[in-house]
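One chain, chain A, appears in both complexes that follow, with chain B as partner in the first and chain C in the second.
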Partner chain A sequence: MLRNKRIRSTTLNKLEGLLFLSPWLIGFFVFMAFPLAFSLYMSFHQIRITPAGLNVQYRGLSYYKTILFEHGSILYNDLIPFLRQAMFMIPIIVIFALLVAIMLNYKFPGRTLFRTIFFLPVIFSTGEVIQTFYDQGEGSLGFLEQYDLNSYLSVVLPPAWSSTISGVLDSFILILWYSGVQILICLAGRQTIPASVYEAARIDGASPWESFWKITLPAMVPFIFLNTIYTVVDLFTFPWNPIMERVTTSDYGLSSALVWIYFGIILLFLLIVFFGFHRFTRAYQLTK
Partner chain B sequence: MEKNMNRTRTGSLLQSSWQNPLLKTKHVLFGLEVDKGLLFKLFLYVLLIDTAFIYLNPIFTMVTTMIKNAEDLTNPSVIWIPNEIYLGVLQEAWDMLNYSKGFLISALMSTTVALLQTLSCAVAGYAFARLKIPFKNFWFFCLLLTFIVPPQITILPNIIAANHFGIMQTAIPIILPALFGHGLKGALFVIIYRQFFLTQPKELEEAAKIDGAHIFKVFFKVMFPLARPAMVVVFLFSFVWTWNDYYLPSMYLYNSEVQPLSQGISAISQQLEAEAELSGPSVFQDSIKMATGFLMILPLLILYMFTQRKFVEGVERTGLVE
Partner chain C sequence: MNVTNSLKRLRVRRSFKLFRMDRTQITLMILLTAGGVFMILPLVYIFNHALKPYSELFLFPPRIFVQEPTLSNFTEFFVVLRDSTIPITRFLFNSLIVTGIGTFMVIIVSSLCAYPLAKHRFPGHKIAFSIIILSLMFVPEAMQIPRYVVVARLGIMDTYWGHILPHIAAPVSVFLMKQFMDQVPTELLEAGKLDGAREWTVFYRIVMPICMPAVATSAILTFQSIWNDASTSVLFMQNDAMKTFPYFLSTITNNLANQVARQGAAAAAALIMFLPTLIVFLVFQRKVISTMAHSGIK
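Take a look at the complex of A and B:
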């Protein structure tokens, strides 16, 4: 009798849980799972929208072949410069967020004001406004122009890389603007390190420099990891990036195939980040 | 106990520094810890002010360019402060944007989406944090998947579906997913709520349950009101991101009467380019773009000004991380 009741209470609990999650689950199936499956289906088919309904023709892997091998310009022309830039942008954003968060964590008068300033770009990080700034060349670091860095770079590096780097430098401030959320994450992470640890280190004779490398940085690794993931996702799903702009309603099949290839690349990037951090933390634990 | 120890320690330190004036100056200048010294604080201020200036430089330029008249714009000696404040550009941008209408549409859409997401994501986040659900790990994996899937993958099927149901060129396809805890960055909000509810003590709910409250009452009377810091963060993020979002409106509201501000701004830059091709570039072309950008983010700036304190506190208390 008692057992019976207990069983009923666990099923009741599960029902309650399902009831709470059900709006999200319905949403997941309607707005995520089904469109995802349908988009995959579309990437193998030619789709025409006619007044009578959808006209579907099986195309097999032909769209993927077209994009990857035959007409590579659709993908590679935009993708490769973008990936090159991303390789610079991701570390810049993550490191900047870490440094600003560490600075903002110190106690000093006016801290709130500075925090407000550094969170501000969360508001601006919109394609349109940033694009306007970019067109005006507002993103460049003015003082670098005096040194004529771009022409120097084009002499030293192969043209593809020098154009990447000067592109990154030209929009440097705007890249920093992507770091609003990352600063928040880092700041919250920095506050998980108790002040007593630093005090103990100081009593043991550690210099501030040492305590940064031995305490702050190791404790921040999980948050740096989180930030890297967030940055990758944010950068790659930003509607303004060149591949995303190619997804249009003009050719459903081709666009779907393109976006799936692109999604594969995002996953690959995330996996690299994941394994990189995994190995790093393992190595760190071993040395400890 | 700890307090006492602290007191004796500072006491002895004071004594020793009193005996050694050199040590005292050193302590004042460099501090006992890295963040306590005067020199360090000075250095920190210099660094922060510099970074903040670089960071905000484009905004300063935007505001100053916007209020320059034709003379000041062409005068190279006028960099920051114009000789007189000229509001004509702002007026023109206001008219071109059809500001009051665009503002109303943007505000209505963003408020609706933000309110819906604040509620629906909280329900889902609570379920993920506390309730027993069959295959919970699998659903959580789905949540993470939702987070990393670019909106462009699902946009084409959604457009076909919207066409099918005849809700194209309305705001419904943008608002509807928010009702179910999805929509723009919905997954992130669910995760934020989940993290918040995980940090709350379990005893609260247990006490409420022992008092005979059923699960709905526990959530809506106890847990949801507790989640105010998370609510502030989610509402603001949701509002700002929906307000700024250009992609979804450009897909669903193409050629529609309903045009939020984020759409107007791109229409204007196209219009300006077309005009420039016809009659040559105007002096005010950049200024108008700057002014439209400013008008678009102005409401957000005002909102942020009023809420930033709560927002910063909220972020620190949500346990956004971990």
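Take a look at the complex of A and C:
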């Protein structure tokens, strides 16, 4: 009798979970999963839109071959500089967000105002605002010209990397503007750490520096992880990143193949992030 | 030893109380002000840009501050409005309906989805979550044609649903909320259940209030992505009366042969387009901050 009831309650539990999920799942299958499958299908076919409807012709792997081997310029010309830039931007954004969040967590006059200001990028990041800035060449600090940093960099580093770094420095303000959501996530994460832990550490004689490395950072790891994923995805799917601009509607098959290759690259990036954090948390747990 | 030390520290602190702030606070203020100036820059820029006369709109290098502010851009914008065959209020009304209902539905649907993903151990929850992460990485441009097929088959072309439904399955909000809900202590939920709360009550009364920062963030993000999205109007709406405000704004400059004409109107339109986002942001961010201060996680 009792056992019977327990089984019923667990199945009920599962059903309730499924019930909560179902609206999103339905939407997902209709507006995400099916279109994705369709675009995979398109990447193997040549599609022409005729008055009679879609004219589909099987092309096999030829589009993938074209992009990867024959006409590499479609992908590589834009991709490699972009990847190099992303490798710099992602850590900068994540670390910047973490530092700002920790600063914003201190008590000081005008804290609410400062928090609002640092969340502001949330509304610029997807919008037209940054786009106009970018078009007009704003967003560079102008300090590069002042200190002649460019020529210094080009002496020290190989040309490909020095141009990347000066590009990153050049758009430093833009980088800061990407970090609205990340600051928010970090700040919320910082507040999950109870103040009593810091008090206990202080009583035991830990310096603020030590308590940052021993308390704040380990507790923030899940949020830093979340931020890294968010940043990677945000950066790579930005509507005006160089690869996205290549995705045109003139040749559906080729564009779809390009998107799927690009998807593979993002996936690789994320797998590296996942793997890195996995190693990190495991190492931390061992030392604990 | 320790006592004298702390006494000394107390004395030091008291002497700084003259300025009512200690040294860390002053450093913080300086650092944050320096950063904050850059953060506010786009906001200053967009307001100034709308007030620039033509002679300043095309200056190179561009200036942030306007030298001779005029309202001529707005007059030009209203002239464009008068020439439009469909009254502007119609586009605005469409946009408001679509964005309002859309944002509300996205929040409900994705928080409902995130809750079991974070707090239930049902078979396949890991697969479900990795699917969400995977779909995050897909660019909407790639899905335009298939989506057109879906919308046409569902028979929601030229309806408000055609604007709203494609936005519903938003992986970003689910992802953000799921990560926040992971941090809600399970003990809190169990305590609620022991007191006789059903799933729905636990969700509505405990989980949602704690996750308010995530909800507010998703609301801000969703609002602006739907509000700024002209693509549903281009793809799924053939009837001009069903198109939205951003679509109308994009027609101001797009159909013209030369690049200079109507740029003033476009600058004014950009400001008008931006204002609702700013208002929504100001309303919701207060919620973000106040809830973060008093949330149950301590």
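Simple rule for what comes next: the second predicted complex is superposed on the first by the 254 of 288 C-alpha atoms of A that agree within 3 Å, B and C clash if a C-alpha of one lies under 4 Å from a C-alpha of the other, contacts with A are read in each partner's own complex, and residues count from 1 in each chain.
Operating definition for what follows: a residue touches a chain if its C-beta (ideal position, glycine included) is under 8 Å from a C-beta of that chain, and two chains touch if they have at least 3 such contacts.
Here the structure is a predicted model, which means the values were calculated and not measured.
Q: With the two structures overlaid on chain A, would chain B and chain C clash, or do they fit side by side?
A: clash
Q: Check the residue A:199 against both partner chains and state whether it touches chain B (first), chain C (second), both, or neither.
A: The answer is first: A:199 touches chain B but not chain C.
Q: Which partner chains sit in contact with A:80 here, chain B, chain C, both or neither? Use first/second/both/neither.
A: Neither partner.
Q: When the two structures are overlaid on chain A, which partner does A:95 contact: first (chain B), second (chain C), both, or neither?
A: neither
Q: Classify the contacts of A:268 with the two partner chains as first (chain B alone), second (chain C alone), both, or neither.
A: neither
Q: Who does A:283 touch here: chain B (first), chain C (second), both, or neither?
A: neither
Q: Taking the superposition on A as described, I'd like to know which of chain B and chain C A:28 touches: first, second, both or neither.
A: Both partners, chain B and chain C.
Q: Can you list the residues of chain A that touch chain B in one structure and chain C in the other?
A: 13-14, 16-18, 20-21, 23-25, 27-28, 30-36, 38-39, 42, 100, 103-104, 106-108, 112, 114-124, 126-129, 132-133, 136, 138, 173, 176-177, 184-185, 187-189, 191-192, 222-223, 226, 233, 236-237, 239, 244, 247, 249, 252, 255-256, 259, 262-263, 266-267, 270.
Q: How about chain C: which of its residues touch chain A in the complex?
A: Interface residues on the chain C side: 20-21, 24-25, 28-29, 31-32, 35-36, 38-43, 45-46, 49, 60-62, 64, 108-110, 112-113, 115-117, 120, 122-123, 128, 131, 133-139, 141-147, 149-150, 154, 165-166, 168-169, 171, 174-176, 179-180, 182-183, 199, 203, 213-214, 217, 220-221, 224-225, 228, 270, 273-274, 277-278, 281-282, 285, 288-289, 292, 295, 297-298.
Q: Provide the residue numbers of chain B that touch chain A in the complex, in ascending order.
A: It is residues 32-35, 41, 44-45, 47-48, 51-52, 54-59, 61-62, 120, 123-124, 126-128, 131-134, 136, 139, 142, 145-161, 163, 176-177, 179-183, 186, 190, 215, 219, 237, 240, 244-247, 262, 265-266, 269, 286, 289-290, 293, 296-297, 300-301, 304, 308-309, 311-312, 315-316, 318-322 of chain B that touch chain A.
Q: For the complex, give me every residue of chain A touching chain B.
A: Of all residues in chain A, those touching chain B are 10, 13-14, 16-21, 23-28, 30-36, 38-39, 42, 49, 54, 100, 103-104, 106-108, 112, 114-129, 132-133, 135-136, 138-139, 141-142, 173-174, 176-177, 184-185, 187-189, 191-192, 198-199, 202, 208, 211, 222-223, 226, 233, 236-237, 239, 244, 247, 249, 252, 255-256, 259-260, 262-263, 266-267, 270.
Q: Taking the touch rule as given, give the residues of chain A at its contact with chain C in the complex, in rising order.
A: Residue list for chain A touching chain C: 13-14, 16-18, 20-21, 23-25, 27-28, 30-36, 38-39, 42, 47, 100, 103-104, 106-110, 112, 114-124, 126-130, 132-133, 136-138, 173, 176-177, 181, 184-185, 187-189, 191-192, 194, 222-223, 226, 229-230, 233, 236-237, 239, 244, 247, 249, 252, 255-256, 259, 262-263, 266-267, 270.
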